[in-house]
Structure formats: structure tokens, C-alpha cells
Amino acid sequence: MNLYGEKGNFIEELDPRMKLLIVILITVMTFITESTVLFMYYYALIFVLIFTSKLYKSGGRLLLFISVLFILQLLGQNIQNKGFRDSYIAIVILIQRLSVFVAMGVWASSKMKVGTFVTALENMRVPKGMTITTAVVLRYIPTVKQEFYYIRSTMELRGIGLNFKNIILHPIKTFEYSFVPLIIRCMTIADELSASAMTRGLDLDTKRIPIIDVKIKAVDVVVTVAVVFLVVGGMIAYKKLNGELL
Amino acid sequence: MIRISNVNFKYSSSDDNALCNFDLNITKGEFIVLLGKSGCGKTTVTRLINALAPDFYDGELSGDVIVDEMNTKEKTIQDLSHSVGSVFQDPRSQFFSMDTTGEIAFSCENAGLPKEESIEKVKRAITELKIERLLGKSVFELSSGEKQLVAIASVYARQPQIIVLDEPSANLDNDSVEMLRDRLAILKKQGHTIVVSEHRTHYIKDLCDRVVIINNGEIMSKMSGDEFRALSNANLNAMGLRSLNLEKIDRQNKYFAGTELTLELENISFNYKNSDDLFRNLNLKLHKNEILGIVGENGKGKTTLLEIICGLRKQTGGEIRINGKKCKAKDRIKHTYFVMQDSDYQLFTESVENEIYLGSKKDKNYQEKGIEILKLMDLYYYINRHPASLSGGQKQRLSIAVSYMKDADIICFDEPTSGLDYNSMINVSNLLKTLANQGKAIVVTTHDYEFLANCCTSIFDM
Amino acid sequence: MIEKKNVSCKEKNMEKLTVRDFITMALFLVLVFIIYSVVGMTMGLAFPIYGAVLIHAVCSLFWGTIFILLYTKISKKWVVLLFNVMIALLIFMAAWYAAIPIVLGGIIAEIVWQKFDRKKFTTMMACFTIQITAWFVGIYIPVLIITDLSKLFRESYIELYTGIKAALGGPFFYIAVVVTVLGCVTGSFIGKALLKKHFEKAGIV
């Protein structure tokens, strides 16, 4: 019996700790590099990771976003006023750099089963209370969004909807109407979920033994080393090509 | 197996006792059903057994509750989880994991069982409860009925001797209730002790060994399964209980011979983004004074249809006319109201009084109308209370009162009687008839055949 | 003798964070993050860059209620620090550089939390303000240190990065901090009002 459905490829199944290492490495390198060429090279690596993880939709959107940014940067060269041009280009470049964090965040959190993530946290000796909180946050973000949809729908029906007019004319009341039921629902969910979890043995003292091991496999090490090699190696190669000394 | 002796229990948040002089012994392997009106205390009894009362739901407990030779006063909820498994009413808030396998393994993992043993238990739960088809699915893809099955499997995996269920069928359609019944039968065959608190008894009537009827926190009567099965529907209704025998109720498509057409749906289609059509070429006519019951399994789009009628969603194809005029979604909102299954989404203010008058001008006629409906709904006494402090049934009645105030031509109700006892169901039925008599067109989705037979003038099977 | 022991045991247990507390914190965190992403996207699109910097200030108007409610419901030690640690943990993948300031802010706020009366509104407001300001500063770090980092690299780019710093660093940063603090204070008062009007009346707290 296949308990878990299809397994992904080796990039998708990378140990979370390796993923974290890769994320930190790439984001640091990409953020501090001053060369646009290297930046694009690193970003290409990011896209390799994203597309091998089958995140086609997000990857496509990211590609579009970064292309627009580059176009904006090129267009900015034509600005006459030096002061304005410097600020403009600086800001565009800043957004480019910051987008790396979002891109890596999307990749790192893809296809992550909550159970696997929690186990990874436990492996890193995170206290049990915090693993419980993490698991519930990840699990309930979509649910709470859905709850808010129902509340918003009723607001529409009762003429107090979340439209422009109400937000401008009665901001606090509109906030109150949308927020209070949502908070009450969240507290109800928290209580019911706690009752359900506790009656199934969830406590802060017992050590959880997961049915899926999260261990660092040989292939994880190989992939991580390869990425490090590509990133650092790329930088060294580029600098050598440009005749710079390290 | 379970001995509840001389128990009085009072919740901290309440002034009255939830249970008085309660004595109940349950033997190993017994299938017991707890019945009674809403608020009678049957949920409290289940909470005594799994120790949620008084540890989780604060309260004062006098007397003893001995479960599997453990006194619940001396043990934690987690200690008891080895012997008692609990399944709750709301599938939405029972799931800890995002995938079914992780959820089923939850209790085993928490108990610190060795990995191989946990995997064995998970596989066993899946095979014996026959839910192989749900493997590998994410919790967001499951229907309420499927979620309840996974909840039972999650509890079952740990193999507790006692299994306690609090209105497990409340949100389920009739096919899911059948699936639930089959699983309960399997559990009974394996010798588990099963305690079910319920309103809908028709699906477990053949399984129960004993029935306990509770009223105002006290035991009104205890009877054997056979004695219970011998009762007629009339006997049961007189005790405030739902009917046992539903076979005679007609569920075929039925039409209303109405005069004035309020709503017309012509060739309506709908599909979610990137999904197949939920329904196609649907035609529907709704008249003044009509109460249309929409039946069908969950997942067929009943609620979505109501959302479309009320203008909360746009149909992907077809035309909708209200009072003869073509009506876009934005405009439909003005003519309709939707009373949802969960009133928590529908109440916004800090007092019942303000709730009634929300979203409209406060003139004298309006105020009188408001007072009238509050009295009709038995809510006038609570006029200054915060809606969130009311009981479930009271909140639902308040929601219905709100719909009355809106002056909508069409009012949609989504499962208004799920979890209601007999008298409340009759009250809702009468309310709908009142609304319909005033010239409104009513659409109701329901699994409750008793309710359907009681007030619906027409039926549409999706 | 035994009765006394039971009472002090119970008191001790009242102070310890329970599974229920952790799950309640989780649901509140969900609300925090949903507000963050909704406000973030709206402000990021409506007022590029400068708006993005003020996201925390605007969010605080909504967050105030959540934090005040949380602290009223769970008046125990460590809840403040834990909440910030959880925030740091959850945004780690996206912005790990902000983790340290957030945790530091949590520690400072926790010291305030344990030193003063935990039942008082002003204590809650102070902790909330410290926590969110720390989060804001944490997110802002790349902008602040970019010129220092750039000193490691080519000269010509220092000019470029000075441009960034001129646009977003310097006095603008301090103004943003003040605005964020004001947002937190306002949000706290909104929270207090809602608490009184709704949550206490509904019997939830």
C-alpha cells in the first residue's frame, strides 16, 4: 500500500535542512553581488531549482516579474536627471535583490508536507510547543481564508460589504464587522482543534515518533554540494575572467 | 467499562447544572445512544468520558467517572486517549495534518509508538475501515463525509477500546451517513464500546444495544435497543426526538403550482477555475409562496447553486431573471438573502437588537417589525445579549430573524436543520412557512427528509 | 497538607503554557500573516516602495486587536517571546536576516512582560509595540546595511548604493519607525475598545 501517493524527484525530496542551507547561501550571494551578470547567473540557478520542482506557475510568474524589473532598469538609463536616475535605478535593483528572498521562499516551502516539516523541526531540536504551533499555522492559513470568504459574502448580502464606499466612509465599522466574526471563528477553531488533538494524545511531554523519517540522504548531500559548487564556482570563474584577483 | 456515579456537573460559564444526579453504567462492547433535546447534556456526558470535562471545559464535577478502571479526576485527557477515542461534530476543525495519511497516523505518532508499529496500525485502519480511495489526498480535497471517515480512522488507528462520537452525522449527506453507519457496524463487530450522542437516529437504529434519553441534565429513561426500535415516530416526536422511520417519505422531484414567478434560472452552468463543470444547463423556476427543497449528495453543487442565486457567485453560463427582469450577480444581492449553515459567519454586532437593525434605516415601522420577529423567534428576552454568547440554536434563529428583516424576495437556507432536535426542526419549518406565506420565495438545501416532508412545497434533486 | 499541595500544583499549572495555548497562538498567527500579506500586497501595489515601508504601521492598526486579545486570554510568562520566535520561524525561509532582530525584540518585550503587571493594558501595548518595531527594523536591515556591505566591493557601485540609502535610509527610516510605533499604539487602543465592546461581552475572554 502506497501510503503517501507519488514521490517527487530528488530535488523535490531534498531534506529540509539542506534546503535551508541552499536558501541561505543563494540569498546571501545574490543579494551582495554587485555584478548584474552574476546576479542573472544566480537567478538562473534559482529558476533551475524552481522548474525541476515542477513549480511551473510560480516560476512563470517570477520570470515575468524579474523580466519587467530588468526592462525597467534598462529604461532607467535614459533618465536625464542624475539624482533621480540614481535613486530610481537603486530602487529597482533593491527590488530585484529582495525578490530573491521571495523566490527562494516559494521554492523552499513547495511540496512540504506538514508532517515532514514538523519532523525536520524536531530534528533541529525545536521545542514541542513550537512545532505544534508551526504545524497548525501552516495547516489553517487556507482554512481561515475560506472562513473570511463566508463572512465577506454575508456582509455583501447585508449591505455592509467590503467595497470602496464603505471602507472610505465607515472605516472602523467596516473593520469591526469583518474582523470580529473572524476572530471569534478563529478562537472557536482553536478550541475545537485543541480538544480533538488532546483526545488523540497530543501533549507537550511525549516524544513524537513520525512514520516518515526525515533523514539526510546521500543524494541530498550530493545536490547541496553541487549547488554550492555552482554558486561559488560561478563567482570565482567570473572574477577570474574579468581579470580580478580574489 | 464506564461507570458514571452520582455525577453533578456545572460549567464555569453557566449558572445551572449541566448534569444532575447522573448515573450510568456502560458495559464492554455495548453500543449506547444518548438522545435528547439540544442543550440537554448529552454532549457533556461524552466529555465526561474523554475527560474534556472538567479539564478542558472548565467546570465543577461532583461524583465519579470511572473509565476503564481510571478515575477521570486523577488522569489527564491524554492519559485517557489510550482508552477513549473521540470523534466530534465539525469536520472542519478536527484535522491537524494536511494529508489523510498524516492525520490517521497522528494518534500513533503522539503516543510514541515505534515506527513499524504505527505504520502497521495505520494500514490496518485504512483497510478495515475501507478508505483506501482517500489515501494521498489533501484535506482540502475531501468532502465533510470523507473528513469524518478519516477522523474515525485517526481515532481507530490507536485501537482504543471505547469510542465516543458527538453528533457525527450532523454535517453529512445521506450517502455519507450510510458510510458512517457501515464503519460503526465494523467497530461494533470488533467489540469496541461505542457511545454516540445524536439527533438523527435513523441510521443507527439497528446498531444500538441501549438508548438513554436525557432531559435537562437528568436521565429521563433508559431502554433497550429493541424497546427503542418498537417506538413509533409519533412516540418519538412527542418526546422531542427525531423520527426513526424515514422510508415512507417521498423524495421525488415535485413541482409547485405557483402563480407568480419570482426567480428563473435558464440553462445555468458553473465551474470553478480550471475545473470541470459542476453543473450544466440547469433550469429552475421559483414562485412566490414556494418552499423549494434541494436535495442531493454533497459535492454536487447545492451550496454553490444557492450562492449563485444570491449573487455571491457569477454563473459561467445562462441567464437569471428575478421578477421577470434579467439580473446580474451584483443586483441579485439586493433581492436575496442567504442563511448559511454556520451562523457564526452571519452575526456582526454586539447585541441582538443592533443585529436586527444592521444595514438599514431605523424608522418606526422597522423597529416594530424587529420587535415582532424577535418575539416570534423567542429571542426578545435576549435582546441585549451579544450574539456570540447565544447557543447554536439561538444564533440560528437570530440569523433567520435577520433574513426576515431584509425584505428580500428570495431567501436561501443552507441546511437549516442540521443538528437540530425535533421541536427546533418543527419551529424552523413553521418559520419558513410563515416567510413563504408573506410572499417570499424560499430555497432550502437539506439532507433532513423529515424536514423536507414537513414544509417543502416542491423538491429538486441535483 | 495535601490540599495545599494541590492548590500550588494547580497554580503552577496555570502558569505553564498548554497545548491549547500553543494552538490558540497558532490561529492568531494565521490572522497576523493573512493581514500582513493582504495589506502588503495592497500597499505594495498602491504606493510602491514608500508604501511598502509602511506596511507594518498599517498592519498594526489591525494587529492591535489580535495581540491585545491574545495577551488577555493567555496572561502567562513567555507568551510574548514565543510569539515573536514563531514569527521569526515562519518567515525564516523568506527573510531569514530578519530573524535575529525579531527574536531580540521578543526578548526585550518579554522582559517588559515579566517585569510589569501582565494584566494591565499599558504593558500589553508596550510589548506589542516593541515586538512589531523589532520586526520592522529586521525587515529593513538589507536597506540599512547595503552601503556597508558594498564597501567590500567595487567603488563605482558605492555611488549607486548611496542612492538607495539616500532614498530610503537616513531620516526616512526614523520617520518610518515613529509611524510604526504610532500605528501600534493606535492599534492597541482599537483592540482595547473591541475587547470591551465585543469579546468581554460575548464571554470569550
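The letters A, B and C name the chains in turn, as written, and every chain counts its residues from 1.
The criterion applied here is as follows: contacts are C-beta pairs under 8 Å (C-beta built on N, C-alpha and C of every residue); 3 or more make two chains touch, one makes a residue touch a chain.
Please read all numbers here as calculations on a predicted model, not as lab measurements.
Participant: Count the C-beta contact pairs for B-C and for A-C, then tell me which is higher.
Facilitator: Greater number of contacting C-beta pairs: A-C.
Participant: Look at all chain centres (mean of CA atoms) and spot the one farthest from the centre of chain C.
Facilitator: Farthest by centroid: B.
Participant: Need the CA-centroid distance for the pair chain A / chain B, whole Å please.
Facilitator: 37
Participant: Taking the mean of the CA coordinates per chain, how far is chain B from chain C in Å?
Facilitator: Here the centre of chain C sits 38 Å away from the centre of chain B.
Participant: Find the geometric centre of each of chain A and chain C from their Cα atoms only, then give the gap between the two centres in Å, rounded to an integer.
Facilitator: 19
Participant: Tell me, which residues of chain C touch at least two other chains?
Facilitator: 20, 198, 202, 204
Participant: What are the residues of chain B that contact at least two other chains?
Facilitator: 56, 388
Participant: Where in chain A do residues touch at least two different other chains?
Facilitator: 135-136, 176, 180, 184, 189, 193-194, 197-198, 202-203
Participant: Can you list the chain B residues touching chain A in their complex?
Facilitator: 50, 52, 56, 76-78, 80-82, 84-86, 88, 90, 92-99, 101-102, 105-115, 118-119, 122-123, 126-127, 132, 135-136, 139-140, 151, 154-155, 158, 307, 310-312, 333, 336-338, 340, 342, 344-348, 358-360, 388, 402, 406
Participant: Spell out the part of chain A that touches chain B in their complex, as residue ranges.
Facilitator: 1-6, 113-115, 135-136, 138-139, 142-143, 147, 150-151, 153-160, 176-177, 180-181, 184-185, 188-189, 192-203, 206-211, 213
Participant: Residues of chain A touching chain C in their complex?
Facilitator: Where chain A meets chain C, its residues are 20, 23-24, 27, 31-32, 34, 86-87, 89-91, 93-95, 97-98, 101-102, 104-105, 108-109, 126, 129-130, 132-137, 140-141, 144-145, 148, 172, 175-176, 179-180, 182-184, 186-187, 189-191, 193-194, 197-198, 202-204.
Participant: For chain B, which residues count as touching chain C in their complex?
Facilitator: On the chain B side, the touching residues are 13, 56, 350, 386-389.
Participant: Okay, in this complex, where on chain C does chain B touch?
Facilitator: The contact residues of chain C facing chain B are 20, 197-198, 201-204.
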